[in-house]
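One chain, chain A, links the two complexes that follow: it is found with chain B in the first and with chain C in the second.
Let's turn to the complex of A and B:
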């Protein structure tokens, strides 16, 4: 038994790891998928939204069998001041058209399903196992060490999440830098199905996705989110860790206060918190990308920093799925060649470069700089909320010309120069 | 020597929620697990195997989804897994469960020792072990806290309300174990991997020669509801010195300290 050797050991049964395991097992390779949590998904967390296109390429129409919550057909982006909110709301059935649509999912269910697909395809799954280290031979990774157990394989795929121990052990990345990651705190709040449909104006299986910029994070870079599940909403805040440390804001307190914001409170009224979790999110894109391969090893998913936050959408799972599939493709190519050296495995990076993963990361690579801009979270929300408030308020005084009123707010809160600078950054990054 | 470890696959009580309107249990989000004391039963069987050499057969009966438990039972050190699949066993009374397990043990044959948990972590009826012994015509030792096997003589320490009882008994016998008897192992990666390669069998009632009329429960479960204990909401106000002694007096009265 101890001489047994796998073609590939995948560490982490999230979307990247399970997709890689599924693809490899389907090709008849001997695959071991190792997960630290008692069940796939039990350690995972995200706001809750999966863009479908990438997994659809691997498991067509997967949403028909996967545990998905609601199909997002309503997008809302709100700018919040302490008391007010200005919301852009888009309702469009087109948003729900397959396969470029998205679903709200609960990770505990969804990840377990995807790992189950890999197991059905023939992958061996071991849960409740922490992988402590890599095994090396001749300068190449040749397996993993978990407790006393050493298991050999031709390749290890590290899909072990944002704080990837294995990528670090392999010398592919250093310590995470606070400004490169965000910390997300999320509550799942149970509400009756009917209440959710009424409050968010949804019918049947339709879902809403809402993002909040401004007062939720108490002016710190980051944002709030709210996604509708079938019988609950996923709600929380994400803070850039570096900025959070500087601002000295308590995350738990901010989440509690955010629940009582006048724009949020009526949405959550009567709900019961059934789950609470927090997780790190890689957000620096290409700036934090580790080396993605070394002899006998590849890095995929969050471990590779494959998350895009544009300010109006956050994507991670779709990139994780593609990177997992491409890692599998690279392993298959290496197996055909019978060579698992870095020289062969670098084909993984070529695959990524040809895929949407790199073009997407490249396209949004300046966004983190925009999102660092403190005015985005204080001045801009105040500007839009106050201008629109003055526009709609009837005071019984002689009216101020709109153009003059807008100028006054801009001068009071910021300057044309500063606005133009943010506008330029925005135009350059998205 | 062949040792049987019987176990029940139960809902994880940590995942159970109580519906506030009617106090019924919401079980749809609950995960399944091998019942806590039954893990001790498997562990004890495996420890004896490791000391003295034996074959450990993990045995369970239940509806289809319980089959998933075999891998866990095998990862915990059992050599073989046998699952008796019968959907009617969902919520079956202990007499029925014992009847099925007894017949399975007879079919396995050549067994010396059967371990059960003292009770299941869901209904904790504590009946399957003793009933099984009656059906097998074997003695039973319940609430065992420690075992020592010398040849065919089992020395067992029983944990009772007001003391310990030391028992010596000739095999074959049924033993029910407490949660203190050992600390069940957390399966290692290799143990999990090897579990997939160990023999697993699924039997039906027909394989055991049991007819549907023999598994009709005499016990009917009307409902299971959550008990909600209201807090007393006593607030003591006033001078701190007095209040503290009031609080202490109240706690003593409640028997909490």
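Let's turn to the complex of A and C:
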């Protein structure tokens, strides 16, 4: 194997890596896609949803052939107290209109399919191989080391995920900071197709996406999620790691406790847990961006921290796909020039700057500041749930004027000043 | 609906445990001095436990998320992915 030299070695067969491999192989480059899992997808998990527009630009109407679950046409955001829930629910067929729609996906099958597309296009895939180190020559990366094997290439694309040990080895990034990542844990819970449709008011292939703020994380910054698959739901919690360390909440306990919240339990009743999984989510956007290139190397996807969490939606795969495609575009430009130095490869960052990846990250760059506001997870859910509860409850006493009741709750739980501060942060961030 | 212990949940997953080369090793001397011991609650698989004297840890059952590595600011944890083909194999993901 060491005799051979590839145009590009891509580490990690997730959406960034497989898209890059697909694009490069289609242009006739010699590509090796290396994956540590037994098969592509076997190490990958997420909460559950893929926004389609970006992969549609690479593989038009990919959802017609890819293993996708349900098309999201129902969006719900709930504020939870220990006993109650206030839910904003949006049903709209427009949400399902291609290509600005989204699908719930299960990554083991989906990622295997996408890697298969790269292979069909001519990329070579090597699975079950952990890349241990980079090879260097003349100050540039020139290949990878995996066990005893050394494999050479003009460029290495590190698409090795949020923990990107390769970006770290290349000196492009230091240690991840706890406040920059979240830890997510999820149970896939099998339920009959008909039960899912009945419980979530869905027809046919329609799907629901639900996010939960408040009691699920026991008041710690983070949130719950529930996405409907065809015959299961993906259900779990995400915690900001920095805040979690201070809160001292057990992730393994909290995610199981959450199943029994009064607003959740009826949705899951009778379901059978078939898998339990966990992952880190890079959530600090541009604040955690590593250097994205060096001589002979580029960084894409989660490895580059390309995830957006706005509090009401979470996007990662769509950004991974675009960054993988743009990394491929940069490699092609470098190959045409016959120069793989940092000076040439920096065009990757220019491509990203001109793309939606940077404009999206830039647009939501103040959100992490809002999401670290502790009141978002305790005071706000309590306020909305308790005000609405008083509004709908008939006690047989002389009624309190609504305005007075609202003021009373605000004074009891927080202050106008604090609310205004959150409102201001919210307005600034989205 | 039954509450599942973490052991019951991990038993549902498919693992290929590397008995020769654990992918995570810990320096227990550092752990003894650590006040917060975040590994004992941030690990979604609850693989780290404090018995009053030592941290005990088992790499079998690791979901390879990396939370312990990032949370352990005392640098007691040496973390890598498992060798190729070893570790967790998600069937759903």
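Just so we're on the same page, the second predicted complex is superposed on the first by the 429 of 430 C-alpha atoms of A that agree within 3 Å, B and C clash if a C-alpha of one lies under 4 Å from a C-alpha of the other, contacts with A are read in each partner's own complex, and residues count from 1 in each chain.
FYI, a contact is a pair of C-beta atoms (placed from the backbone, for glycine too) under 8 Å apart; a residue touches a chain by one contact, two chains touch by 3 or more.
From a predicted model like this one, the values you see are computed outputs, not experimental measurements.
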item: Touched partner set for A:151, first chain B, second chain C, both or neither; value: first
item: Touch count on chain A, higher of chain B and chain C; value: C
item: First (chain B), second (chain C), both or neither touched by A:274; value: both
item: Touched partner set for A:17, first chain B, second chain C, both or neither; value: neither
item: A:124 touches, of chain B and chain C: first, second, both or neither?; value: first
item: Chain B versus chain C as contact partner of A:224, first or second or both or neither; value: neither
item: Which of chain B and chain C A:260 touches, first, second, both or neither; value: second
item: Contacts of A:185 with chain B and chain C, given as first, second, both or neither; value: second
item: Touching partner for A:285 - first (chain B), second (chain C), both, neither; value: neither
item: Common interface residues of chain A - those touching chain B in one complex and chain C in the other; value: 38, 127-129, 146-147, 274
item: Parts of chain A lying in touch with chain B, wherever the complex brings them together; value: 1-2, 4, 32, 34, 38-39, 124, 126-129, 146-149, 151, 274
item: Residues on chain B engaged by chain A in the complex (per definition of touch); value: 17, 31, 186-190, 192-194, 196-197
item: Of all residues in chain C, those that touch chain A in their complex; value: 1, 3-4, 6, 9-10, 12-13, 16, 36, 38, 41-46, 63-67, 69-71, 73, 79-85, 87-93
item: Interfacial residue positions of chain A with respect to chain C in the complex; value: 36-38, 41-46, 106-111, 127-130, 146-147, 162-163, 165, 175-178, 181, 183-185, 187-188, 232, 234, 239, 241, 244-245, 248-253, 255-256, 259-260, 265, 268-271, 273-280
